[in-house]
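A, B, C, D and E label the chains in the order they appear, each numbered from 1.
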Amino acid sequence: MRASVVRNGPTSVIEPIDSIVKVRGISKAYGNVEALRGIDLDFPRGKLTSLLGPSGCGKTTLLKIIAGLIDADAGTVAVEGKTVTRPGPERAFVFQDFALMPWATVIRNVAFGLELRGTRKAEREDIARHYIAEVGLASFEDKYPHELSGGMRQRVGLARALSVKADVLLLDEPFSAVDEQNRRKFQEDLIRLRTNQNKTFIFVTHSIEEAVYISDRIVLLSPRPGRISQIIEPDIDRSGDPERIHRDKHYLDTVDEIWRGLKRYVE
Amino acid sequence: MATIVRTESEAGGLAPFAGGHAARGWRDQPVMLRLLSVVLFAAIWEIAGRIPVSFAFPTFFDTMVAFFGLLADGSMAKAYLSTLQPLVLGVVLSAFLGVGLGTLCGLWRTGEWLLIPMFIVLQAAPVAAFIPMVTFIYGIGMTAKTLAVMILALPVIVLNTYKAVRNVNESLLVMCRSFLGTRWQTVAKIILPDASPVIFAGLRLGVAAGFVGVVLAELLITPTGIGDLITFHRSRADYAEMYATIGSIIALSTLTLVFLQWVEVRVFRPEKRGA
Amino acid sequence: MPFSAANAGDMRVAFGDLPGIESIQTLAAIERTKERGVNVELIVLNDEDLATQAIVGGQADVGIGAPYTLIQKVGVPIRIFAQISTQRFFPVVNSEFYKTWKDLDGQDVAVQARGSGTEAVMTLMAKNNGIKLGTISYVPGSEVRRNALIQGTLKASIVDAANRRALEAEAPGKFIVLPVENVSASDETVFATADYLKNNAADVDILVEELMKTGREITENPAIAVEFRNKYKLLPDLGAGADAEITEYYKETADAGSLALNGGGAEAAADDFAFFTAAGQIEGDPVSLKVGDFWDVAAIDRAVAKLGKK
Amino acid sequence: MTMLGHRVPMMASLLVWCVVWEIVGRLDLIFLLPPFSAVLAAAVDLVQTASWQSATITTLRAFFFGMALAIVAGIPLGILMGRSKIADDLLGMWVNIFSSAPLSAIVPVLMILFGFGEKTIVAAVFLFAIWIIVLDTRAGVRHISPSLIEMALSYGASRTALYTKIILWAALPEILAGIRLGLIRGVKGVVIGQLLVAIVGYGALFETFSRNFLMAEFWALTIILFGFALVVAELIERAEAKVEYYAGARQ
Amino acid sequence: MRASVVRNGPTSVIEPIDSIVKVRGISKAYGNVEALRGIDLDFPRGKLTSLLGPSGCGKTTLLKIIAGLIDADAGTVAVEGKTVTRPGPERAFVFQDFALMPWATVIRNVAFGLELRGTRKAEREDIARHYIAEVGLASFEDKYPHELSGGMRQRVGLARALSVKADVLLLDEPFSAVDEQNRRKFQEDLIRLRTNQNKTFIFVTHSIEEAVYISDRIVLLSPRPGRISQIIEPDIDRSGDPERIHRDKHYLDTVDEIWRGLKRYVE
């Protein structure tokens, strides 16, 4: 176990063996607010990478550029070698505010991605039911979002992303609207899920503990304009009891180190 | 209360100029596009006038000429002098009465129970139908017209004020109580300041309604000011003048509302209800 | 745009005011015109100006009113083709305040509408009496003015025969009716565009004949007005109570001879020229104004030829 | 309001006002105000008359045509303005002006454009009702959480799917509110149109009754009309209550 | 160092040497929702006690009953021996949603408690200025709430509570509307503040870490109807670097123990 910490300038990107998403020279400004500047980044296949940084540093912007929801001013994003210009079936987004359709039941929400692709109703509901069970919501199929707690709603969002069988899951602070205790539960579930499903996760969060707890790799961004300030690979053994991670020395070291790095940006 | 009180302004900043939303929309619009929009409107009017759509439909240009003509010969000023009296009087009276009654209803359950349904009915109902009746009781003078203005303006002001007072931020009320605020302190230091933007929005709607009232009074009770200009020019078949008058009252009402909004922004923006 | 010419057999009649008991004759004539196969559609408008405008705009075919001002001013070829009735208006003042025309010098009065016959009467009488009226307010509806007089919110106004009687009945002695000398101008006429008159002569003839016939019948026997009302179910919303008033009204009207028996024509036009020029509603010398500029007498001529002159 | 420990519904106070009316009416203070019971009796008689029935049909027909047009035109216009900045800049000003301007002044102009009778009344209803529908729809579309739209896009929604499956639904609470307010304004429009231009339907009845001082009938008609406006608004409000939960859920 | 864990039924309250607030037999129902049942509790003077429990278990209700903002159905609360019937000058509340007056500047907001008591303007602003500096907002006196971040707004709320010089500060999830990194900063500040000011804090939170991190005493409530399920005294040494606490074995043990206890209530 070792916390491999790699400082890098914009050019010295570490090249992992197999990276499914490649970000090259991405810059983005909103009017005269420069959100991102020259981001080069690779996301290894089958891993969970977190983007961490102070508020407003461009995490969401970067994630949406990868998703193809926002166009970058400069630079390219390639997924599986193909340049991204708009959303594609190989990427699925999980939204901070869940983005559930309040007028649709859980099952219709989960099956919505398939509905848009024209999958037949019976078929898509079978798939949806499978993933609803997967995220632990079996028997809630016919409830409406407003009948669920925050944590449960986010599970619906996750099931929806899973059900389109995308390779890359993009999660923008999925837990920030979920209460503390449910969040903790959900984090444990996510760790389990990540090992079961062979997906690539790109995860935005504000929480250092969360990032260290669940990530294979943490990308620290500097305040606006967002640039990569550090890439950290906590390399923590997640095979055992998830609770044990919280006492892992490397876990604690990594959290402290990141906190010390970010503290100066706070207030 | 079983009944949820909904007023027009509730459309939430969406109703005419209400709320910060529309306010921003209004100001952010690029000048060029707005100008273009005006030009387009004028052009369509001009073309329609030239076809002509009807012999009684003047061109935009003729209307503008007529407008300046009316301005120059003073008849416009004279008409507005007469029209604005009941309008201003009615709106001012409605404002005081309405804010007073609305606050009362917001604070006092029995008052709320007794009065609010009345105003809901008045606001929803087509009261235009009984503006002519006002003539029977109050004749054709200022009183009747002022009353017509008030019939339209009062309900919306009362209901907005009432709603604002009732929906005062609950946690501020609790805060005030926990810091030992008295009843009067709560009203003076929390309720009224917190309600003031909505009350002001209600006043703006009241002014808009007042304009409607005065126009109806002019057309249904007795034409003295702009109503007289309209009917006079219509009877003389001076349609350009008639349109110029109609346009002027709409323009005046719009300008008044924009002005009020500007005042509102100046008065309530320092803290921009962000928190 | 609705410039569409009417189909033969269709006639859209525009009223410039809400029909009241004074409209029984016209309404009955219209019903009879319908009986004779003309498909009449009645349009009731808020204002006489609107009715005229509707004719000019082609949205109605036949208007009711006395559009001298507009005919002169707009130069659109509308022509009056028959007179229905002559004016019978009664300037009324509250006896507490005024007694004679002279007292009205500089005082406020209320009349029906801008450019209406009532206004013309008042201005003409003011002129004749050498006074100048104060502000003239416009209060549509004789009934409304009557009531405002009773309530005391108006002190001087002008009302029609029915309401004059009502005033006398409700507040005897409280009001004085001021004298009106030799006014026999048109109160209501029917008018249409020259084109319409030319293309629909048959329909127009039927209407004119029926107007004349109803006018003559009522003048002979005013009680027939109520029969008309019952037969054609006219003015159903006024209730049965209005019958007495109708009888009274037409008795008086018939006595005064204000229903046109021969459709007016050049004679009526001459009276109108005198009246409306005096009242300032049309310009020019009454003698030199040409009947043909305002009237199309062909239809009355044909009707008189058919029905005989009275 | 509670009385003797029971909750008294707010609208119940209208009954109190009716009693006050009855008393004032019986005292015969103002000739304009007959006792409430007489008004009710007149209402019963009135609804049996042919002229009320035909006036109701005329009025309702004009009202529903006008409303249908306002809804059919207003919602797409509102959505367009909510989605397209250019459309919003071009039209926003006019929509704002017309939504608060004294439209009664324009009613006489309508006649020139639409002729008489039904068409003008329909136009008046349309003109009174549409702007608030446009404004509310626009606001509804503006209020849609961007993430809901991004969600649809990220799952590859086509344009049609975006509008029919997301935008229309998500803006539904505001659209309904707009329609409710539009209906109330439409009722005002139909009456004003009938009073100011062509005297038909209820406008004609109002004029007839008020000019001839048939006060009981006048008030009966007024109550019927008020009742209609309130019932229609209430019905829409019911529909709104059904979707209320997601009005909040969208913040 | 020892994590003294005391299980107790409703009667076996541990009696600390000097308890400033005494809660006896408090029950409360909203209609037929029973929120609290038979709460007996003592709050030691000068200590920070946290109320922790699943969502909806009645934490806020209990806090507001202590504040005198809600009447209990049964039972009494006594502060300094005097029974509470309504808000009093010896208690001050810090609100979850800050409850700042948006139309007033920071200084007026902070001085508001004194304004209501009729303190002269010059005097109350002096006091307010002192506490504004105390919570680290010096130079923000004339800003309006909307110009501040969530963390800064909550500091204003805290300064307001401090400036009325109440003995007992009641805080209802003061950090839940503050973002993660600011929250962490604020927790550290609060620990410092608590040692400087000799106040009694009663603190409601959802976060186990937060409770353990800052509390002298943690009261665990069971789900609705809220009853006391456990009282824990983490007894962690807070004298040193606040960051060190996160690695303290007792801290971690306590967190885990609480988590294990609460986990069954989650979803």
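One rule holds for everything that comes next: a contact is a pair of C-beta atoms (placed from the backbone, for glycine too) under 8 Å apart; a residue touches a chain by one contact, two chains touch by 3 or more.
This one's a predicted model, so the numbers in the text were calculated from it and none came from an experiment.
Listed by label, the chains touching chain A and chain D alike form an empty list. Separating the centre of chain B from that of chain E, both taken as means of CA atoms, is a distance of 48 Å. Annotation: 85 Å between the Cα-based centres of chain C and chain E.
A straight line joining the Cα centres of chain B and chain C is 39 Å long.
Rounded to whole angstrom, the centroid-to-centroid distance between chain A and chain B, based on C-alpha atoms, equals 50 Å. Under the contact definition stated at the top, the residues of chain B that touch 2 or more other chains are 53-54, 56, 132, 136-137, 234. Residue positions of chain C with contacts to 2 or more other chains are 50, 53, 57, 144, 147.
Contact with two or more other chains is made by residues 108, 112, 195-196, 207 of chain D. Across the assembly, chains come into contact as A-D, A-E, B-C, B-D, B-E, C-D.
Interface residues of chain B facing chain C in the complex, by the touch rule stated above, are 53-56, 132, 135-141, 221-224, 228, 231-232, 234-237. The touching residues of chain B, counted against chain D in their complex, run 1-4, 6, 8, 10-17, 21-22, 25-26, 29-30, 33-34, 36-38, 40-41, 53-54, 56-57, 109-110, 112-118, 121, 124-126, 128-130, 132-133, 136-137, 205, 208, 211-212, 214-216, 219-220, 230, 234, 243, 246, 249-250, 253-254, 257. Within the complex formed with chain D, the chain C residues making contact are 2, 14, 18, 20, 43-46, 50, 53-54, 57, 59-60, 141, 143-144, 147, 236-239, 242.
Those residues of chain B that touch chain E in the complex are listed here as 169, 171-172, 174-182, 185, 189-190, 193-194, 268, 270-275. Of all the residues in chain D, the ones that touch chain C in their complex are 49-51, 108, 111-112, 115-117, 195-200, 204-205, 207-209, 211-214, 217.
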